[in-house]
Amino acid sequence: MVGKRLQPSRLVVPPDDEESTIDYFYDVPGSMPGTLNIEPDAPPPVIVLIDYSEKTAIRLQVETPEECAAHLDTESVSWVDVKGLGSEDILKRLGAVFTLHPLVLEDIVNVPQRPKVEEYEDQLLIIARMVMLRRSGRSFLTEQVSLILGKHYLLTVQEEPENDCFATVRERIRLNKGTIRKHNADYLAYTLLDSIVDGFFPILENYGEEIEELEDEVVANPTRQTLEKIHKIKRELLTLRRSIWPQRDAINALIRDGSDLISDEVRVYLRDCYDHAVQVLDMVETYRELSSSLMDVYLSSVSNRMNEVMKLLTIVSTIFIPLTFVAGVYGMNFNVEKSPFNMPELNWYLGYPLCWAVMIAIATVLIVFFKRKGWFENFSTVKSRD
Amino acid sequence: MVGKRLQPSRLVVPPDDEESTIDYFYDVPGSMPGTLNIEPDAPPPVIVLIDYSEKTAIRLQVETPEECAAHLDTESVSWVDVKGLGSEDILKRLGAVFTLHPLVLEDIVNVPQRPKVEEYEDQLLIIARMVMLRRSGRSFLTEQVSLILGKHYLLTVQEEPENDCFATVRERIRLNKGTIRKHNADYLAYTLLDSIVDGFFPILENYGEEIEELEDEVVANPTRQTLEKIHKIKRELLTLRRSIWPQRDAINALIRDGSDLISDEVRVYLRDCYDHAVQVLDMVETYRELSSSLMDVYLSSVSNRMNEVMKLLTIVSTIFIPLTFVAGVYGMNFNVEKSPFNMPELNWYLGYPLCWAVMIAIATVLIVFFKRKGWFENFSTVKSRD
Amino acid sequence: MVGKRLQPSRLVVPPDDEESTIDYFYDVPGSMPGTLNIEPDAPPPVIVLIDYSEKTAIRLQVETPEECAAHLDTESVSWVDVKGLGSEDILKRLGAVFTLHPLVLEDIVNVPQRPKVEEYEDQLLIIARMVMLRRSGRSFLTEQVSLILGKHYLLTVQEEPENDCFATVRERIRLNKGTIRKHNADYLAYTLLDSIVDGFFPILENYGEEIEELEDEVVANPTRQTLEKIHKIKRELLTLRRSIWPQRDAINALIRDGSDLISDEVRVYLRDCYDHAVQVLDMVETYRELSSSLMDVYLSSVSNRMNEVMKLLTIVSTIFIPLTFVAGVYGMNFNVEKSPFNMPELNWYLGYPLCWAVMIAIATVLIVFFKRKGWFENFSTVKSRD
Amino acid sequence: MVGKRLQPSRLVVPPDDEESTIDYFYDVPGSMPGTLNIEPDAPPPVIVLIDYSEKTAIRLQVETPEECAAHLDTESVSWVDVKGLGSEDILKRLGAVFTLHPLVLEDIVNVPQRPKVEEYEDQLLIIARMVMLRRSGRSFLTEQVSLILGKHYLLTVQEEPENDCFATVRERIRLNKGTIRKHNADYLAYTLLDSIVDGFFPILENYGEEIEELEDEVVANPTRQTLEKIHKIKRELLTLRRSIWPQRDAINALIRDGSDLISDEVRVYLRDCYDHAVQVLDMVETYRELSSSLMDVYLSSVSNRMNEVMKLLTIVSTIFIPLTFVAGVYGMNFNVEKSPFNMPELNWYLGYPLCWAVMIAIATVLIVFFKRKGWFENFSTVKSRD
Amino acid sequence: MVGKRLQPSRLVVPPDDEESTIDYFYDVPGSMPGTLNIEPDAPPPVIVLIDYSEKTAIRLQVETPEECAAHLDTESVSWVDVKGLGSEDILKRLGAVFTLHPLVLEDIVNVPQRPKVEEYEDQLLIIARMVMLRRSGRSFLTEQVSLILGKHYLLTVQEEPENDCFATVRERIRLNKGTIRKHNADYLAYTLLDSIVDGFFPILENYGEEIEELEDEVVANPTRQTLEKIHKIKRELLTLRRSIWPQRDAINALIRDGSDLISDEVRVYLRDCYDHAVQVLDMVETYRELSSSLMDVYLSSVSNRMNEVMKLLTIVSTIFIPLTFVAGVYGMNFNVEKSPFNMPELNWYLGYPLCWAVMIAIATVLIVFFKRKGWFENFSTVKSRD
C-alpha cells in the first residue's frame, strides 16, 4: 500500500492491514512538539516486567506503570515490555516513571518513525523496525520497536500485543541459557536488536524464491500477472530497504559513539549484529537489481514472442495472398467468346494443371526463402519448448 | 510548469499560477548585488507584530516597519510577520529597521531562492520553502518563507498574504498552549520550520494515493492519460525533492554549526525536525523509484497488449486465409468441357462436401496448433479480467 | 557538435560555429608546456583599459600591452580587458607585462580549458566559461573568460571581441552606480563571475520552455523530429553541466581557500554567487532527468500508437476476412447438376438472404466481442483528442 | 540460485549444489550469539598441520585439535588447515585450543559470512571467499575460508575437504621455493589471500568469453536462450561483486589498521594483493555494464528484426491486396445482358489484357514506391548477412 | 576484445592483437609474488640511454643493463628507456642495476597492471597506460609504460619496441628546446606523463566524430550495423575510462603526497597534467552518456519506423479488404432463377455502377477517416525526408 490514509485528519498509519507498508508518521503541521497521536483503534497497552540477575528471574504482568518504578534502580536488570499504544494516559505515566524527554515519548507513540539512535542524559533511545512474515507467507508486516536503555533497565515499546520475535530471548532468560543473565541491560538491548535484524532473513528468503520462480516464468510464459508480481517485489524491496538502511546506520552509531551505557564487550557483539544488517542490505540490493533486470527480460521476452507471432502471420499471409490472387484471376468472367485475348487460358487443355503448377511453384519459392532466412527453425525450437 | 517566463526582462517567477513549479530566481546578468526585483503584480506587504513573553502576548497590525523598532530590543519575543513583497520602499525600510545586509534583503525579496542557512553578525538567515496543497487537491503550490532570527526577535517574510501553515502556532502563542511562550525566539523559529517540514506530508500522501491508482491502471488499462500522469508525477516529485533536499541540509547546518542564537535545548528539537525532513526525502525518493518502475511497467504492459492483439489477428488470418484460397480455387472458371484435367472436382458427385471436409480439416489442424501453443488460454484469461 | 575537428593537426576548437559545444583543448602529445596554439582565424586582440577609483574612472583603448604597465601598481583599480586571441606576439608581451607564469598564459590562450581556480605567488587565475544565447534563440555559444586577479588590477581575456555579458558592469563603473567603485579589484572579479553565472539562467529558461513543448508533443504526436529534439536537449544539457560543474567548484575554492587577494567582505558576496551556481546545476540536473523521462515517454507513446493502429487493422481484418471467406464459398463453381450434395444452397429459395444473415451474424458477434474488450471506446477517445 | 532454502527451519545454505550462489548465513531470530549451526550433511573436519621454519618443514594429518597445541607457541610457523565443518565437538575443541572468541567460532562455522577483518586481542580474524571454476567450465562454486592469524600460527578453516587453490603454496613450503619459509605467519596469510584473489581471474576470463560470444549472437540471431544467458551472467556477476567488494575492503583494512600481527614488509605485499582485488572489481563492473548494454542491444535487435518481418508482410500485402480486389471485381456476376452498364468490360475485345495491364501498373507503382523508400535495399542487406 | 584468452593455462594477455582491450594481468593463483611471466612472443628488450644536462646530451643504445650503472649516480639526468619485455634475464639484471623491489619488477613485467603510483625508499614507481590510434583510424591500442623515478635518473619500460608518443620529447632534449634540459629527472617524468595523457585526446576526437555520424544514422536509417557500432563505442569507452580513471588518481597522488623526488616546481606542472586527465575523463563520461542515449534513440527510432510500416499496411488493408468483400458477394453463384430473393442486384439495370458507387463510397469514407487522424501527413513527411 502506498498511502492508504484518505482523511488528512487521521494522522497515524494503520500499520498492519493487508497491504500496509511503512508510511512515516507525520504531525499536523504546526502541532506542538511532544503531542501524542493516539490512534482510535490502537490496542490498549499491556505491560510485562521481567526482572533478572544471574541467580533469579521474575516475570510480572503489571497494571500500572508506577509498579515498575521500584525495580528500576536495583542492580538487577529490569526489562519492561509495553505492547500496544492505545492509552494516552498510561503512556504519559510511563514517560513520567522513566523520566522520558517529551520528544522521546513522541517518537515512541507517533509511529512509524525512522530507525535511529539518540542519546539523552542517562538514557539511550533506539528506534528499530521489526518485520514479520504474514501467515499467508508471501508478504510481511512491519512494526516499530522502541528501546530505551538505562543503567539497569530496558524499556521496550511495541505497537501490537500479538507477535514479536523475542520469544527465544524470553526463554533464554527464563531457563538461564547462555550468558544472558550474566550481563547487564545493554546486552539485553543487543540481543533484541539482533533478533530484529535476523528477522529480516526469512522474508528475504521468500523474495529469493519468488524471484527464482519469476526468472523461469518471465522467459517461458510472460503474462500480465508476471508483470504485476515483478512490480510488487520491487515495491516491497524498496520498503525493506527503507527499513534496514537507517537501522544499519543506527547500529553503527551505537558502536562508534562512545556512550557509557554500552560496555566494550557488548560493542563487540554489536559489531556482529552490524555485519548481519549489512548482509541484509546486500541481499536487498541484489534482489532489487535482479528484479530490475527481470523487468528488462520481461519486455524483451514479450517482444521476442511478438516477433514469433508476426513471423507466423507473415509466413501464412505471404504464401497464401499471392496464391489467392492467382485463383482470383481465373475466377474473372471476361467473355471468352468475344475475343481470343480474353482469358484463353481457361480453354487450354492443361489450363487447370498449369495453374496449380504456377501456384505450387510460387509457394515453394517462398517456403525456400523463409527456410533460408531461418524462420522455420527458430519457430520449431520455440514450439518444442512450450 | 517548466519555465513559463517568456520575456527575458521579466525576472521574477509567478509562483502560484496553476502550473507553477520552482524555477529559481535570477538577476539580470551583471546587475548589482542587492538589487531588488519587485514583481509588478506582487501584493503589498502586510506587517503583523506578535510580541509575547511568558505572561503576556499582544498582536498588532502595524503600518510602517519603523513601528516594530521599539519592540526588538526588549526581553519579550517579537515576531514580525511580513506577507507580500509588493513595495520596494517598505521592504527597504524594513531592511533598515532590522539592519539587514543588502544580500539578505535581496534573498528575501528576489524569490525563489534555494533553501539555506547563512550566519551574519548577530542574525541568522534561514530561507525555507513552504508547500501547500491546492484546493483542487491533486497539485500543490510553493512559497518562500525567509526567517531572520535575532536575539529576541524573529522576522518572517512570506510571498503571499493569503495562506500559510502557521495558524496553529499563532493559536498556541495566543492561548499559551504548550511551552512556546516560555522559550525564546529560537524556539519560535524551530516551531515554524517544523510546521513547514510537516507541511510536505499531506502532499506526499496524495502522491502515494495517485501512484497506487496508477499501479492498477497501468496493468489493467494503460492509456495515453496514464502515461501523462506518470510523467507529471515524476516531474512534480523532482520539484519536491529540489525543495526538501537543501532544506534538510539547512536544518542540519543549524544543528551542527555552533551559532549562539540557537540554544542547546532547541538543537534537540531541531534534531527531531531534521528527522522529519529525512523522512520526507525518503518518501520522495521511494515515490520517484516507484514512478520510474511504473514507466517500465507501462511500456511492458502496452507491449503485452499488442502481443494479444497480434495473436488475435494472426489466429483469424492464419485460419481463414488458406480457406479463402481453397474457395478461390474452386471459383476459377477453367473450361471443364475442354479437357478432363480442367477442374474435374467440380463435376464430382461429392465435390462440394469434400471441399468442405478439406477446409474443416485445415481449420481444425490450425486450431489444435494454436491450442497447443497456449494462445487461446492466455487470450481467454485476458478477456475475463477486463 | 561532437568533435568537428577533422584534421588532427588543427588543435584548437572553433568555438562559435553553429553547432559548437565545448571540446576541451589539447596539446599535440609531447609538446612543451607553455606552447601557445594560435588559431589561424582567431581575431586579433583588442585591449581596453578601465582605471577607476571612487572618484574618477577612465577608459582607454590601448594599442600595446606595455601601455597598461604604468597603471598596474597604482592604488586605483585597473581592469585590462583583452578580447581576441589572434596574435602570439601581443599575448606574449601581455604575459611579460603581467609577469604571468608560462602555464597561466597557456591556459589563457589554448582554449577551451576546464573552469578552475589556481593560485600563483601574487596572482589568482580564474578560468570561467561564459554562455550566451544565439540570436536564433534556441541554441547557445560558449566562450572562455580568463580572469587574472592581482592586488590592484584585474586582467580578463576573452576569445571573441564581439559580445560579452559585462556591459552592465561597465555601465555601473562609468556611472558610479552602487558601490562598485568603492571596492577593490576582488569585488570587480566577483561582479564579473556573478554576471557569468547569471548568464546561464536565460539559456536554462529556453530549455525549460522547449521541454514543456516537447511534453505535449511527445504524447500527442510523437514524430521523428521529436526524437531528434529530445536527444539534442540531452546533449546540450550535458555540455552545460560540464561548464557549470567545475565553475561551481572553482567558486567554492575561492571562498574556502584563504587567498589574501580576496577580502572577507567579497567572500560573503561570492557565497551568493556560489548559491546561484548551485541553482544552475540544480536546474540542469532537473532538466536532464526530465529529458530522460521524455525519452521513455516517447517510446511508450509510440508503442501505444502502434497498439491503436494494430487494433484497427485487427478489427477490420477479423470482421471482413471470415465474411470474404463465406462469399468465396458461394462463388465456387461446383456443378449443381451432377449431385444434390453440390452446393444445394445456391438453389434454395432463401439462399442469398440466408447467406447475408449468416454474414451479418458473424459480424455482429465479432463487433460485440470487440466492444466488450473495450477496443472501440479506447479508439474513439484517441480520435477525439487529436 | 536465489534462495533455494524452502524450509524456514533449515538455516544453512547448501553452498555447492549446481545452482548455488552466496546466500548469507542467518541465525534463527533470537538465537544465542555463538550458536553453531552444523549442517547435517557437512563433511567431517580433516585437520592438517604444516609446521615450518627456514630450515625444516613437516606436514602432519592430526586426529584431534589438541595435537596442534604444542606447535602453536614455538618460533616456527604452524599452519593448521581444517577442511570440513561437520562436527560440532571437534570445532568447539578447536576453539578451545586456539582460545577463539565465541563470535569468531560462530563466524567460522555458520557459513556463509560476509568477507571482513576483525581484530581480537592477539588474533586477527580474516573471513575470505574463495571462488573456483566448476569442471563444467561455465559456472563457479564459492567457499568460505576463515583465517585466524596469531603470532606464530595461522589457522585456516574451509567448508569442503576437496579442492582449494592453495596447492601451489603447499608446494612452495615443501620445496622451499621463494622466500616463504623465511617469513612469519603473516606472510603465509598474505600468500593465501593472494591465491584467493587471483582465483577470481580465470572465472572472469570465462565471463569475458561468454560476453564476447553473446555480443555476436545478440545481433545476428537473438533467441530466447540468448536472453536467458544474459540474465544469468548479470546474476552471477552480482554474486561475484558481492564476494569481492567486501574482500577488497577487508584487505584495505589489513593495510591501513596498524595491527602488530602484520609486519610492515608484508603490508607492502598486501598492497599488491589489494591492487589485484581492485582489478577484479574493475572487471566485474565492466562486465556488468557490458551485460546491461547487451540487454539493450537484445531488445533493439528484436525490434529491428520485427521491423523487417513487418516490412515483408506489408510489401506482399500492399501489392497483392489491390490486385486481388481487381480480380474480384471482374469475378462478379452482374447480368451483362440486362443493361449496357453491367460490366461492359467483360465483353470488350481487349478486356482481359487491359485488366492485366491495370494490375501490372498498380504493382509497378507500388514496387517503385517501396524501392524509393529503400525497403528492398535494407531487406537484401539483411538477407545476405544471415 | 573481451577475453580472447581461450586456454586457461596461458595467463598473460596478448595486449596488441587487433581486438585487444585492457584485461588486467593475473598470476597463476598461488604463484610466488615477484614471479615474472614472460610471454613467449614478447619482443626482446631494446635499451636506449639518454644522458643530458643543460650543456650536453648523449644518446646511447646499450647492450646490457650494466652499462647504464655508471650514469645513474652522476648529476646529469639519465633516461633509460627499455622497450620490449622478451627476456627474463635482462629484466632481472635491470632490476639488479636499479635495485628494484621484486614487486616493482613484477609490476613492470607482468602487464597489464592498473595505473598507480607507489613510493619505495628512494624510488617512485609510476604505472601509466599509453593509448595510440591504430593506423586504420577507428580503433586504438594500449600499452603499459612503467616509470621508475630516482634522484637523477628515470627508467621507463614499455611493452613494444615500435611506437610511443615520446618522439617530441626526445627531440626537445636533443635540440635543447624549451627548458627541459634545465630541469631534473622529475620534470622529465612529468613531460612523459603529460605526453601520455595528451595522447588520449586524438582518440576521443575520433569517438566524437563517430558519435556525431551515428546521431544522424540512428534517426535517418537505423540498421543492424548502427546497433553494433553503438555497442562497440560503449565497450571501448569503458576501456578508456578504466585506463584514465586510475591514471588521474595516480597523478593526483603524485601532487598531494609529499615525496622528495618531486620538486614543488614540477608539482605545479603536474597540476596542469592533472587538469588534462580530468578533461579526458569528462569527455569519456560525456561520450558514454551520449552513446547510452543513442541506444535509447535507436530503439525509439526503430519503433517509430515500425509504426509507419504498420500504418501503411493498415491503410491498404482497411481500405481494400471491405471492397474485396463486396466484390466477393457479387461473385457468388446463388441461382437467380430459383427465387426473386436470390441476388436480384445482379439483374438490376444499374447494378454494376451502383456496386462501384458503394465501393467508392466506402473507400472515400475510410480515406477521410485516415486523413482526419493525420496518418497521411505523417507518412508523407517521412517519405520526403528519406
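A, B, C, D and E are the chain letters, set down in written order, and residue numbers restart from 1 in every chain.
The rule we apply is simple: a residue touches a chain if its C-beta (ideal position, glycine included) is under 8 Å from a C-beta of that chain, and two chains touch if they have at least 3 such contacts.
Keep in mind it's a predicted model, so treat the numbers as computed, not measured.
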If you check the contacts of chain B and chain D, which chains show up for both?
A
What are the mutual neighbours of chain A and chain D in this structure?
none
With centres defined as the mean C-alpha position, give me the chain D-chain E separation in Å.
25
Where the centres are mean C-alpha positions, what is the separation of chain C from chain D, in Å?
40
By residue number and range, which residues of chain D touch two or more other chains?
299, 303, 306, 310, 313, 317, 321, 324, 328, 331-333, 343
Touch as defined at the top gives a ring of chains. Read it off for me starting with chain A, then chain B, then onward.
A, B, C, E, D
Listed in rising order, the residues of chain B that touch chain A in the complex are 165-169, 172, 177-178, 180, 191, 194-196, 198-199, 201-202, 204-209, 211-212, 215, 219, 268-269, 271-272, 275-276, 278-279, 282-283, 286-287, 289-290, 293-294, 296-297, 299-301, 303-304, 306-307, 310-311, 313-314, 317-318, 321-322, 324-325, 328-329, 331-335, 338-339, 341-343, 372-374, 378, 381-382, 385
Looking at the complex, which residues from chain D come into contact with chain A?
1-6, 8, 23-34, 101, 103, 106-107, 113-114, 116, 118, 221-224, 227-228, 231, 234-235, 238-239, 242, 295, 298-299, 302-303, 305-306, 309-310, 312-313, 316-317, 320-321, 323-324, 327-328, 330-333, 336, 343, 345-353, 355, 383, 386
